[in-house]
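As structure tokens, the structure follows; a few thoughts come after it.
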Amino acid sequence: MALKFGMVGGGIGSYIGDHHYLGATMDNLAELAAGCFSRNPEKNRASAEKRLIKDMDRVYTSYQEMAEKESARPDGIDFVSILTPNNSHYEIAKCFIEHGISVMCDKPLANTIEQGEELVRLVEENNVQFGMTYTYTGFAAFRQGREMIKKGMIGDILYIRAEYPEDFGMNMVNDDGNLIETDAWRFDPKQVGASLATADIGTHAEQVIAQFTGLYIKRVIAKMDNYPKNLALDTNSTILLDFGGGISGEIWASIIASGHECGMKIYVIGTKGSLEWSNETPERLLYTPKGQPTQIYSSGTGRGYLEPVTRELARVASGHHEGYFETFANIYRSYMETMIAKKEGRDPGPFTYPNVKDGLHGIRFVQACVESNRNGNVWVDV
Amino acid sequence: MALKFGMVGGGIGSYIGDHHYLGATMDNLAELAAGCFSRNPEKNRASAEKRLIKDMDRVYTSYQEMAEKESARPDGIDFVSILTPNNSHYEIAKCFIEHGISVMCDKPLANTIEQGEELVRLVEENNVQFGMTYTYTGFAAFRQGREMIKKGMIGDILYIRAEYPEDFGMNMVNDDGNLIETDAWRFDPKQVGASLATADIGTHAEQVIAQFTGLYIKRVIAKMDNYPKNLALDTNSTILLDFGGGISGEIWASIIASGHECGMKIYVIGTKGSLEWSNETPERLLYTPKGQPTQIYSSGTGRGYLEPVTRELARVASGHHEGYFETFANIYRSYMETMIAKKEGRDPGPFTYPNVKDGLHGIRFVQACVESNRNGNVWVDV
Amino acid sequence: MALKFGMVGGGIGSYIGDHHYLGATMDNLAELAAGCFSRNPEKNRASAEKRLIKDMDRVYTSYQEMAEKESARPDGIDFVSILTPNNSHYEIAKCFIEHGISVMCDKPLANTIEQGEELVRLVEENNVQFGMTYTYTGFAAFRQGREMIKKGMIGDILYIRAEYPEDFGMNMVNDDGNLIETDAWRFDPKQVGASLATADIGTHAEQVIAQFTGLYIKRVIAKMDNYPKNLALDTNSTILLDFGGGISGEIWASIIASGHECGMKIYVIGTKGSLEWSNETPERLLYTPKGQPTQIYSSGTGRGYLEPVTRELARVASGHHEGYFETFANIYRSYMETMIAKKEGRDPGPFTYPNVKDGLHGIRFVQACVESNRNGNVWVDV
Amino acid sequence: MALKFGMVGGGIGSYIGDHHYLGATMDNLAELAAGCFSRNPEKNRASAEKRLIKDMDRVYTSYQEMAEKESARPDGIDFVSILTPNNSHYEIAKCFIEHGISVMCDKPLANTIEQGEELVRLVEENNVQFGMTYTYTGFAAFRQGREMIKKGMIGDILYIRAEYPEDFGMNMVNDDGNLIETDAWRFDPKQVGASLATADIGTHAEQVIAQFTGLYIKRVIAKMDNYPKNLALDTNSTILLDFGGGISGEIWASIIASGHECGMKIYVIGTKGSLEWSNETPERLLYTPKGQPTQIYSSGTGRGYLEPVTRELARVASGHHEGYFETFANIYRSYMETMIAKKEGRDPGPFTYPNVKDGLHGIRFVQACVESNRNGNVWVDV
């Protein structure tokens, strides 16, 4: 394999661990060489075995030790995947960066804007590569849209809408309209911070916009709602967007949207046409040249009309499906192809992925939304 | 026939005239008995002939004369349809109301809030029936949704989204991004007032919400955008909604939405489930009981699971389509069944239609949006 | 109005009568001048009044008298619509044709192939115009497909599939799997002939193919099934098609297809691409040039990319809907525009409609299917 | 891991190899312990390394040696995956079975009915477990349908339709309508046998029916078409089905279906309702109880209304997607859970997978179709 990587967190039994492991290894570009899955030595070792780590000396019970030892080895890992609880991302990422080890981090990047800014600075100073797994941005048809916008196929962007409706929040409410107790910790501001729906899924919408259009939100007006009423966190969030230059937009993020399971969707209007992509049919991209019939672009191998990167990313024939794991794998592959290209002094070509600055922008976005809502739904700069 | 009606405007060659004529006569409840189609006597007479008016003495060249003479006849018209240019609705409606004749009026109701309030007062004082043809509210599946909400099938309403994307504005822009001259008058604030997209189609969304849920918007934050840039009117409008009682929502109205032709859609979340209706498949209503599979309700005859009013309104077997004309006819039918029931001292049952107060609320809504946008996107009461 | 027409059958209370009346009058090309709605003089007169016939002398209690008197008048009707029970179409049509009056006939044309052949001969001999209202062939987007095939946009046709699933037959069966008695007459071979599903809806599919592609079925293998089991008629029919020249196809017609209400659909593969149209979204036509993205053609005014006839037929802006009544009106309009053009010595242009030969082909098709099924599912020529 | 497996064929660079490797290892139930990827020792070794085989002594250059040595080891593989060219499946499968090693085999099972029957016999005699990877039958929503039918939710089955349209054949034809030479070998009867579309994808439809409904086709009438005309193999196949007991159906398989990429779909009518599943949205199952609204069942975790096996198979939350790799993994998981349960003396519960008899039935089906077509489209027993 071209690369070696490590994992912090994500042992056997971890939902997110499986995603990242499959994502990193699916294309035979990297092999898991080191890990720190658990502080419990037994669990740690069991996870390492199942994740097929060959050398048990590279299974660590502290991430600090792992960063230290791996950075000291001539055959040390090329990058580490951080899959621990959200509030630990910052410290672990910082440690590996400072040891010169590149990072792939689950979202969010950090707990505060200050932490995020520090990581951006450290990444630059230490010249490491930092990726973030904003899932939806990895779909091949999604990347197709990005390339078409870059080529000017819809002209200048005028307006952007992104929505992310889910219904899992409804499962947490009993018939009296109160939180079901066993899940209450998931809705505790002390655990999840100042925002729930906006932070958890609104940020996906924010990054979907950034990765699809190349545009970053400049200021927001956010209206956050909570259900059940005795919950101190937003479960539904409607956000007016200003991108500057006369470009407006909207994000809607909801975890109480009965009838919608994971409806992440983006729609972009330009002067020459529009593009629409939805996670409900993630292999499809709707392209409407101004005044013409809508065209259904389909990702997958065997479609000559697609952009090079779309064809590169496709693993299965068009009509077959690549799902949640594969979009993780696409982000990993893009990250790793970039790393390999750099090693070999080549241009990485069309491969791209959300990076540490994207992670920082996500934190800023949530904070601006919280502030806008707190102050009566006024414009707040991101 | 049970009823006689008249038309002001809407002669042969008038797009909207055909809609209303077909709408009023489709169900054999009313016959066109009088009309004032044009100030030109020849055109007036020709239209009357084509619209099958039997008595040419009842074809008038002024609406004032029509109101006067029809109100004096023992067999005078039961109601008049007003289909003249928008800025004349108020004066014509006022005239007929004051002569004790009921009115069916194309939107908008009037030019100003004051005029609208006056009409509301006059309707009450003169004890006439006043309907407004907000098209989408007439679809049988739409009415099915209204009944299900009234019966509590989705519980207490939490959040409401309505969108109305169209693309016809794009046809008015040339390749340089400027208005095509021949259509320029359609985009002149002197002609159309202070708003274009919000007034023209945003009000449809506002009424769709009111007629579907029974809720009226209390205050708004509106962000209006214009394209092309040298246009002084909104072509795209994103509006945060507050219904009071902790219920939020959003309206998006756009006439530059390439890829969408007439995508009027409403989605309502309640504590026990959700409902979704879209003009793209207007015979379908999506109902999702909390935690259960989404169900596709289909209007049309032969569906025992539908509410009485939905079955009453259906003219064709389920699977067949009723379109734009038929939804007009549904509003007319509801208006006329109510009138007949009143005459006969019966309860009109489940028939309902947008009325003069709905028309007034539409004007208030547009004005609040314009003010919010002008003042930097702040909350403005409707 | 340009034309005068009469109706035989289709009085007030008649479902199909409303469709034809609306269809014939929607575009202000014809006026109902004569009628024979019922043998009961009172009912006849009441229907005439509601259908707005002006001259009560032209309301007849026998169709023979109507044919005689109308053909004798200098201002006699230009054509008659025949809306009586199926088994009377032949004799009534024959009578009017022999009096030199053109005919618009509801399907089926006649009871036997011999009768159909006679009508074809009589139409030619008497030089009258004969149309048949095969509903689905009237949709503007359907006609768009026809024009595109004629222009060669999908190349040479290779294969054709048409399906027409409905579920109304299921409503006639009780929980024990037996016919509900009150509807039993609808399923009596003496009433409906040798076939139910094939004759009732399979023929629609047959004509949809003919009008869309210009191809007529040469021979069939039909497999007919019946449910409930004690029913002597087909409720589900699967038919292999041979069009000659190496072109194959299939028709499936079912009245027991739970989950499908009126899913008439056609899909045609050619050497250069494919076309697909479905009554579920009748304003849409899916066009896939070989190897390219599928394009969604949308009928309605304002779409410059459409063929002339599609634009001509559209009454509402794209995105709005034209339903069951409007497709009837399109067939009527095409029939009447052809008649007017002939009168004026003009070419009717792209207007077209199913004619008497199409009606005959429909009878032949059903008979061939019945024979194929009876003989153990062998090829039978149409 | 619970199990050890080996691979014959499917080395690095093999499309199908990746699918099976991922499928077998995705759920951490098995580890690749042995392999015979290539006769070229270097390639063989490279593949073994990439596929993470730990012990290089278990990398063999002949499958015979592999069968022999692995069956002799106390820690030998529990099963072998056979991923070699189609015409070698029989001999390799036979070899492993005779050494008492269980098999997972890519379709088709064998080249002739006789070979298939022999394998069925050998499987029984040697008491091994034999699975076949008919891809589509692995989707969780597909399995949901199977369980609902078994529970009687649609009553007695009346009619079954399955279609599998693809368009890849069109890519092989140039503008003159001839085969593109470089692909000609793929269309050579000597290479692929007597059938192309029917054997390649029609058999998927046949198994989709068997696994969904539990019914096996008793006899067929097949009409096979070929395009381009100079091709000696079917590219489009329409097949009437008889399941006995008055149950009919149809299969359509096409590789020239422009506009369809991988539209495997099944629709089943029963006396109490219907079920519909399509690979175009593989997480969805449409269930229509007779006379009631259609319900959209969605697979994925978190849906309490699903059958146990559907919930078991789901790896991601509903709304997220599982694709082509995951459905392979579902078949592998079902196969392996059954194997583990057997080892542990437990009932495997609801896990199921296509087996050697299914493979044999697939061969019989293709042969019957070829014969029916050759003999002028007559009924031929399967």
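Just so it is clear, A, B, C and D label the chains in written order, and each chain counts residues from 1 on its own.
By definition in this document, contacts are C-beta pairs under 8 Å (C-beta built on N, C-alpha and C of every residue); 3 or more make two chains touch, one makes a residue touch a chain.
Here the structure is a predicted model, which is why all the values come from computation and not from measurement.
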item	value
Pair with more cross-chain C-beta pairs in contact, given B-D and C-D	C-D
From chain B, the most remote chain by mean C-alpha position	D
Interchain centroid distance [CA atoms averaged], chain C/chain D, Å	43
Chain A-chain D separation of Cα centroids, rounded to whole Å	34
For chain B paired with chain D, centre-to-centre distance based on mean C-alpha positions, whole Å	54
Multi-partner residues of chain A (each touching 2 or more other chains)	171, 291, 294, 298
Arrangement of touching chains [line / ring / star / complete / other]	complete
Residues on chain B engaged by chain C in the complex (per definition of touch)	1, 12, 18, 22, 26, 28, 31, 50, 52, 54, 166, 168, 171, 260-263, 279-282, 298, 300, 302, 315-326
Chain B residues within the chain D interface of the complex	287, 291-298, 304-305
Residue numbers on chain D that touch chain C, as the complex places them	158-159, 161, 170-171, 173, 177, 221, 223, 225, 227, 229, 236, 238, 240, 242, 246, 248-250, 252, 254, 256-259, 267, 269-271, 273-274, 276, 286, 288-291, 294, 376-379
